[in-house]
Structures are given as structure tokens and as C-alpha cells.
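Below: a set of structures, written as C-alpha cells.
Here chain A shows up in two complexes: once beside chain B, once beside chain C.
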Partner chain A sequence: MDHRPQNWGRPRDDIYGGYDVSYMAPNAEPNTHTQSPVVTGTSVVALKYKDGVIMAADNLASYGSLARFPSVQRLMPFADTSVLGFSGDVSDMQYISRHLTSLSIDEAYGVQDPLNAANLHRYLSKLLYSRRSKFDPLWNNILIAGFDSDDKPFLASADLLGTTYSSPSLASGYGSMLAQPIMRKYASTEEDAAKLTKEQAIKIVKECMKVLFYRDARSLDKYSLAVVTRKSGEEGGGGVQITQEKLEGMSWKFADRIKGYGTQTV
Partner chain B sequence: MSALFSQNPLMNGPNYSFSDTPVSHPNEAHGELREHRFNPYTDNGGSTLAIAGADFAIVAGDTRLTSGYSIHTRYSPKVFKIGGTTADQKDATIVLSVVGFAADGTALRERLDAACKMYRYRHGKPMSVNAAAKRLSTMLYQKRFFPYYVYAILAGLDEEGKGAVYSYDPVGSYEREMCRAGGAAASLIMPFLDNQVNFKNQHIPGSGEGHAIQEREKKPLLREQVEILVKDAFDGAVERHIEVGDGLQMMVITSQGVEEHYLPLKKD
Partner chain C sequence: MFRNNYDNDSVTFSPQGRIFQVEYAGEAVKQGSVVVGIRNAEELSSYQKKLFAIDEHVGIAIAGLTSDARVLSNFMKTQSMQHTMVYGRHMPLHQLASLLGEKAQLNTQHYGKRPYGVGLLVAGVDDKGTHLYEFQPSGMAEEMVAFAIGARSQMARTYLERNIEKFADCGREELVMHGLKALKESLVQDKELTVDNTSVGVVGLVKDDSTGRTKVEPFKVHDGRDVKDWIDAVSDDKDDDDDDDDDEEEETTTSAAPAAGGDSMEVDS
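Coming up: the complex of A and B.
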């Protein structure tokens, strides 16, 4: 006989079978959160200029080192006034994107001014910080471009920890090592950035995308380029314009002279 | 325990003695922790410094924000006015500096600011520095087991109009001091301050030998002297610490209000 009082009076196991524990413990497994990203996007680069912001990100979603999805747009327009650039986990990007689409629809019913980029940045940084504080992070580094409440060009970043910062030029991932020094050469201060024309800024950003494709193994030569301008000021309406670009004028001649890697024995 | 046992699983859980209780994860049964790869903290570098005078206090911090070897931005302030009537903090009398993990710093600053604003709304007067200092300590300690990873320094003028500096550790231990350095270059700046503000290891020349040596008399510094000390301290820190640089933000709290100054530092 079972001597333990906890088991006295219970239906006999040899007749009724053992007690099914899962009945009283519905969450047999602990909650699992994103502990590391799976399908990822690489760098996003962005640069402020005289009357707006330029942003670019390639169209690749990688699965580890596999170039898994080669036509995923990682730039997202918001309310035709702002642009978001996502690096990091693509499924979390799609979750945020869905969430923001419904937010912008809700906001469009309101009587207030639409959310500007500064508002959006604040909102996203709070979202990211609260999720990291729940140990359930949204695994992204997001760049937000547009205009602030004073209608000045706005560019800021928010990452999976909720860290926020703003600068005349920003780049995430490998871009912070490879593209940021190039952009800082042309626009190290807000004043310098405010002197750049749209054409100059686009040229600098395109140069950065080329450098990133040369050196970042998780990058692609097809990328999206967003130009954010004031809705009033620009001919052709202004707002957010996203175009699809392909890198041109590259030279891989130097590759011939690189020796001693992989199976190469010479 | 067994006398109170009801056999109702809703009250006592599944009817097993402890050693037989099934576990959801095999490792947890042996007291091992589940490994989580996500690290909710990072170190954003930078350094802060505060000095109290007889009728003023100065709080300063560099404006570089880093992560590893990357400089995220050259202008991200670490020193903030707290508890003004409006969002622009025009009539604020208290200054908070936070250094360590920037996201926690922002969260902490916003919470303390909201608390000070609520105090003003409820009591019809601004919060005193020592009340705000206690409140900040409580806020930090409330998150004792998931701390705000920040070294905070709070400064203002006390009820007698004297400069007050309160320094904190990440879990809310605090004390009032004449001066304190925080953050990445704290270990470089603090000894300099010990010597130059608290006159540590300074003696009256020719006052004797051995136990007869007399210490230099301690008295609060003048504002001009303190401003020079702050600049020198940061120039020194910038030279020897890679996470410090770009710009120096300085808040001077006097009975007239809070003045803010910005000076460039080396950007290398």
C-alpha cells in the first residue's frame, strides 16, 4: 500500500491508470520567446540632407548564410510622411509592419495631425523597450526617417533593447562599420547635412550600398532607395518615394589576385 | 502540511509529494538554470561628473553614445533637467545625470520627471532635492531584481540654498557628497576629484613631519574653479578612455535657475 497520505483515497493506478499530470499543468513547456533571430535582413543606411532624408536597404532576407528570400522590401512607408528601415529579424519586421499599418489607419480617423516621424520613433522605442523588459524582444534595429514637429528633417534609430539615438547619418549592422565613416566624411554635423542637396545625398548613399555589397557577405545588389521630402515643398507632391535600384559600375577585377582562401592551393 | 491537505488539486496542485512532482524541463529539476541567449543590457559608455559648491552645483557629462567599438552618435545628452512645470523644463531646479545602459537611463529619467511633476501637481510646490533623491532611490530599488543598469547622479540646491549632489548605484544605494564621477571614466576622474575638491593628500607645507602633518583646510570651491576642474577632468578622460569624447554638456544650478553649456571635446 502507498503510505503517502497524498495518495490515500485516489483511484488505484492498476485499475484506472496513472494520474494524467498534463490535465492540471496545461503549460508543460515554459513560454518560448525569440531568443535569436532566424530570417534576417542586413544593414540599413540613411542620411539627412537639406530638405529631407535618404534611406536605403537591400532586398535580401537571409536564413543564416543562405540568401533565402531575394526580393523582400525592408523599407516601409508610414502615412506617406515617414519611412522605416528594418534590419534584424524579418518576421518581427512583418509583425511591426502589420501593427503600424493598423495604427496608421486608426490614426487617420482622428482629428489631430497625422503622426510624424518623431512621434513614430517615440512609439517604436517604447514598444521595443517594453518587449525587451518582458524578455521577449522584437529582434530589430529600426531607422526612422521623416520630419519632426518643427518640420525639420528627422532621422533616429531604435534597437531591440530600446536604445535610441539620432544623428545626421545612421547605419545599422555592418553599415555602422562600413557606411557610417563614408557618410560622416560628407555630413559629420547637422550643419553639414543641411548643406547637402538631394542629388549629393543620393550619390553618397548609393556609394555606401556599393561598399556594403563589396564587403558584406549577407548583402544583395538589388536594393530599395527611399527619398522622404516635405509634402508641400517638392514638385511632384513630395512625401515618400521608394524606388528599386540595382548596383552598377562595379569592378571585381581584384578578385583574380586574391589567393589562398578555401580549397585554392596556389 | 499534510493535516491541511484537501486533496483538491486546485488548492494544493497535483497530488504528489515533492520529490515525485513531474517537472516541465529536465534540467530545472537539478537546480540548473535554463540558458537564455538574449541579454537585455548593453554598455553605452560615456562618463558623468557632479560637484557641489557653497551656493551652486554643476553636473556634466560627455555626449558620446557607443556600443562596443562603434560610436552610435556624437550628440546624445546624459544630463537632464527634472521636474519642471512643462515639457521644456524651463523652470526646473533639479538635474539628473544617467550613465550606463542608455535605454534604462531614458526610462528612469522619464519616471523621475513624471514623479516630480505629480508632486508639483498634488502639493502646489516643486519637489525638494532631498525628497527627489529619496524617491529616485526607491525607484531604483523597486527594480532590485531586474535593475536599471545606470549610475545616476542627482543635483540641485538644498533647503538652505547649498549645492547638493546625490550619487547612486544601480540598485538604489545613495549618499550625499561634495563630488562624484560616474560611468566609464569614473575610475579616472574620481581620484582627481578626491585630490582637487576634497583636498585628499594635500597638506600645509612645513606643518611638521609624521603625525604632526596638518591637512589642508576643506572649503567649497568657487564656481569658476569648478568649471575649470570639470573641463580638465573631461579632457583627461577623453585622452585615456575610448568611450568618452565628442562633446561636454554642463548644467550649472544656481538660485537663478539652471544654465546649460556645451563645449566640444576631441572626436577621435
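Coming up: the complex of A and C.
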């Protein structure tokens, strides 16, 4: 007879052996946190114009320097009123995308209080900041485009640390160095951006995508272009339009003279 | 034979809506030795305040256990603030109301818990316009056009029902008049609305002249001198067609003098 109450009613150690705690452990392995991104997307560029926002990102998901997945869309529409552009880790992008899709489905039930782009930006920045505070960041830089509560075009960024900022034109990654100066030439202030037409803005963004493909070794000539316009009263007017584009009119003649890379034998 | 069946625990309301264990606990104070506190009073006594702001765009009126109302008010303030922090906007009222309803409903279903002994009127504005919700301890939280809760509120509801068609087209001042007239209906004989026992909470949407857009007129409780003109306007043999027409408004009023404290509550159907 075992006189210790804590052992009563349990399988006896002398018959069944000691209890193996590993069966009940929730994880066989310790918790892991993202320390660096693995499959990544490069720049996203976005520009405001008088009636909305243009955003573009190429369709490449790189595995290190390898162009691993050449048809991954990195722009995501939200509730047909806003667009998100993701650079950084692609699996974290997919996680956020699934999360936001369920959020927008919840939103679509019952009484409608649609979240606008400004609400969405605030929400994402809090999500990203809370994750970085757990030392488990979502490794993305996200651009959010749409309209604010005053129905004015809205464009802002939120990064993996929860840092936020806003500007008439925004670009992440290499784009912040290569595309931003081009866009600022046309729209350095809100007033300038409010004068741009849709066609002008699209032309500027396409120009940026070309420069990025020339200079960014992690980029692709196939990209997605999103146009966000104000929802008009009747069905089908405005909203989010995403089209697939391919860079054209490039000249790579100069590439002949570049030596020292790849399999050339000089 | 005449044993009180409703004082065995503090989670059982008596049919009159009293919690005897809480009242008995008050008796324990009398077992203690005397202590004295004193201050120079601005007023020696006043009526219980019943209107509270929850956020810029929401206010509540309470009827029932004040201490329970404080808990719910605190909950609503927290939720509203959190929504503002996470989404950067005012919390939609139906979300706040359903959250409140769910919280209260759990208390009706869990062992060892008691329902909140308080009813609320929740008034506010959001993107969808002006809203008024009635909340009951059962967990019910439903949108109303006009409503009254509390002792003798049936008379006020009758008034509101009789005039319900008018409210949609009323201006702010007219709506306050209707609120006060409804409140007057619920008064006991020889009681009347005074600046001491009446307060009026107003929250609404106003046109911003510079932008032409509507913006929130924050929830404000008017009492004392602020309600004098309104009370005079609804006092007996007085007409009130001299009011100016403002923008769309939601308003809620309460706070007639209750019968002397401690009486059992009157039950109206």
C-alpha cells in the first residue's frame, strides 16, 4: 500500500513504470522565433494621384538570391476598398493575408462598418508592433493604400517593428532608394500628388518598376499593378483593380560589355 | 414561517431586485466603532447623478444598482478606448452594445454569478448615424427609437409611443423637449422637474461649416443652470414652438427624483 495520497488512483510505477512526461509535452521542440526571413519579396512602390492610389510589386518570391517562385502576387485587395503591398517574408505575408481575409469576412456579416485603409493601417501597425514585442516579428514591410475617413486618398507604411509613416509616394526595400527619387520628382508634396491624373501616375509607377528591374537583382519583369479608386454610387464603379503587367521597351545592349559574372570565361 | 428565502447568498436577487446579503453587510459597518469625517460642503445633499459619458461619441443613462453600473461603464470605456487605439476610429455602437449584451448574458448562465442589477440606455453616434440602445440585465441589448427604463417609466414610454412619428424630423431642442415631457409623465404626484433633479445628456452630429462634413458633437451632460431654460419651457401651461432647428441629434434624458431610498422598487409591467 502506497500511503502517499498524490499516488492514489494512478497507475503504479512498480507495474507500469514511471510516467513519461514527454507524452504530454505540448511541443516536442522548443518555441522558435523568426530571426531572418527565408523566402522574400523585394520592393513595393506606390503613388497617390488625385482620385486614388497606384501600387505595384513584381511577382517574384526569392529564396535567398535564387529566383525561386516567379508568379507570386504580392498585392492583396482588402474588402474591395484598399490594397496592401507586401515586401519581406512571403510566409508571413501569407499568414497576414489569411488573417485579414478572415477579418474581412467577419466584417461582411451583419451590420456593415467597413474598415477603411486608415483603420487597416492602424490595425496592422498594432499587430506588427505586438509581434515584435514578443520577439517574434512578422518580417514584412507593408504599404497600405486606399481612402481615409474623410474619403481622401490614403497611403502609409508599416514595418516589422511597428514603425509607421505616410507620404504622397512610398516605396519599400530597394525601391526606397531607386524609385522614391523618381516619384518625388513628380509628387514631392500632397498638393503635387493631387494634381496627377491616373494615367500620369501609372506611367510614373511603370517607369519605377523598369528602373528597379534594371538595378535590383532580386526583381522580375512581371509585376502586378493595382489601381484604387473611390467607390462610386452604382455597382462596379471604382474599388480595387489589379492587373498583370510585363516590362517592355528595355535595352540590355550594355550587358554585353559587363564581364566578371556568371559562366563567362572573359 | 416568515423566513427570508432570498438572503442565503449574494448571487440571488429578491423579487423586488434587492440583494439582502449586500444589505446585511452594510449592517456590519454599524458594529465598528465610530469614525468621523468632515468637509466644507458646497451642497449638503443632491440627487444621484445618472448620466455618464463613455467616450466622445457615447453616453449612458443608468437605472438600478449604481455600483453595477460603474462596472459596466468602466467596461464600456475600456472597450471603446481599445477600439480607438487599434482601429483609429470611434467604436461602432452596435459593436459596443453587443459586447455589453454578451458580457451580461454570461452572468445569467454561470454557476455562482449573478446578473447585473442595472438597466442602461446607451446613446451615441457613429458612421451609421445616431443610435439608442436599451440594455437589460438579461443580456438583451436592442436598438430603440425612443425608450424609458426605471421606476414608473411606463408613463414615459406611453408618451414616447404616442409621439414616436415626430422624432425623426425633430431638431435638437424639440427632441430635448420631448425627452423632458416624457420624463415629466413618470413623476409622482406633487413632484416636478427642477434644475436639481434633472439632467439632460446630448450627443449628436453637427455640420462642420468649414468642410461641409458632419462631425461628432461630443456627449455632454447638461445639469443645474444649463437645463433651466429647457425645464421652464416644459413647465405646465407653456408652449414650446419657439425653438430653433439645429442638426440631427440623438439625446437621452433621465434623472427624476426617485422615491425615498431603501423602499422596495415599484414594478411596472
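Keep in mind that, in the parts below, the second predicted complex is superposed on the first by the 222 of 266 C-alpha atoms of A that agree within 3 Å, B and C clash if a C-alpha of one lies under 4 Å from a C-alpha of the other, contacts with A are read in each partner's own complex, and residues count from 1 in each chain.
Assume a contact is a pair of C-beta atoms (placed from the backbone, for glycine too) under 8 Å apart; a residue touches a chain by one contact, two chains touch by 3 or more.
This one's a predicted model, so the numbers in the text were calculated from it and none came from an experiment.
**Q** Between chain B (first) and chain C (second), which does A:Thr164 come into contact with in this model arrangement: first, second, both, or neither?
**A** It touches chain B, and chain C stays clear.
**Q** Tell me the contact category for A:Asp113 with respect to chain B and chain C: first, second, both or neither.
**A** Touch status of A:Asp113: second partner only.
**Q** Once the shared chain is lined up, is A:Asn7 touching chain B (first), chain C (second), both, or neither of them?
**A** A:Asn7: touches chain B, not chain C.
**Q** Looking only at chain A, is it chain B or chain C that touches more of its residues?
**A** So, of the two partners, B touches more residues of chain A.
**Q** If you stack the two complexes on chain A, which partner ends up touching A:Arg68: first (chain B), second (chain C), both, or neither?
**A** It touches nothing on chain B or chain C.
**Q** With the two structures laid over each other on chain A, which partner does A:Met177 touch: chain B (first), chain C (second), both, or neither?
**A** first
**Q** Check the residue A:Lys222 against both partner chains and state whether it touches chain B (first), chain C (second), both, or neither.
**A** Neither partner.
**Q** Now for A:Ser36: first (chain B), second (chain C), both, or neither, which partner does it touch?
**A** It touches chain B, and chain C stays clear.
**Q** Indicate the residue numbers of chain A shared between its chain B interface and its chain C interface, in ascending order.
**A** After superposing on chain A, no chain A residue contacts both chain B and chain C.
**Q** Could you list, by residue number, the parts of chain A that touch chain B in their complex?
**A** The touching residues are 4-7, 9-10, 19, 21, 24-25, 27-30, 33-36, 125, 129, 132-133, 135, 137, 157, 161-167, 170, 176-177, 180, 188.
**Q** With touch defined as at the start, can you tell me which chain C residues reach chain A in the complex?
**A** 85-89, 92, 94-95, 126-128, 211, 213
**Q** Where on chain B is chain A touching in the complex?
**A** Listed in rising order, the residues are 2, 5, 7, 9, 13-17, 22, 24-25, 34, 36-38, 40-42, 44, 65, 67, 70, 72-76, 101-103, 106-107, 146.
**Q** Would you mind writing out the residues of chain A in touch with chain C in their complex?
**A** Going through chain A, the ones touching chain C are 111, 113, 115, 118-119, 121-123, 126, 149-150.
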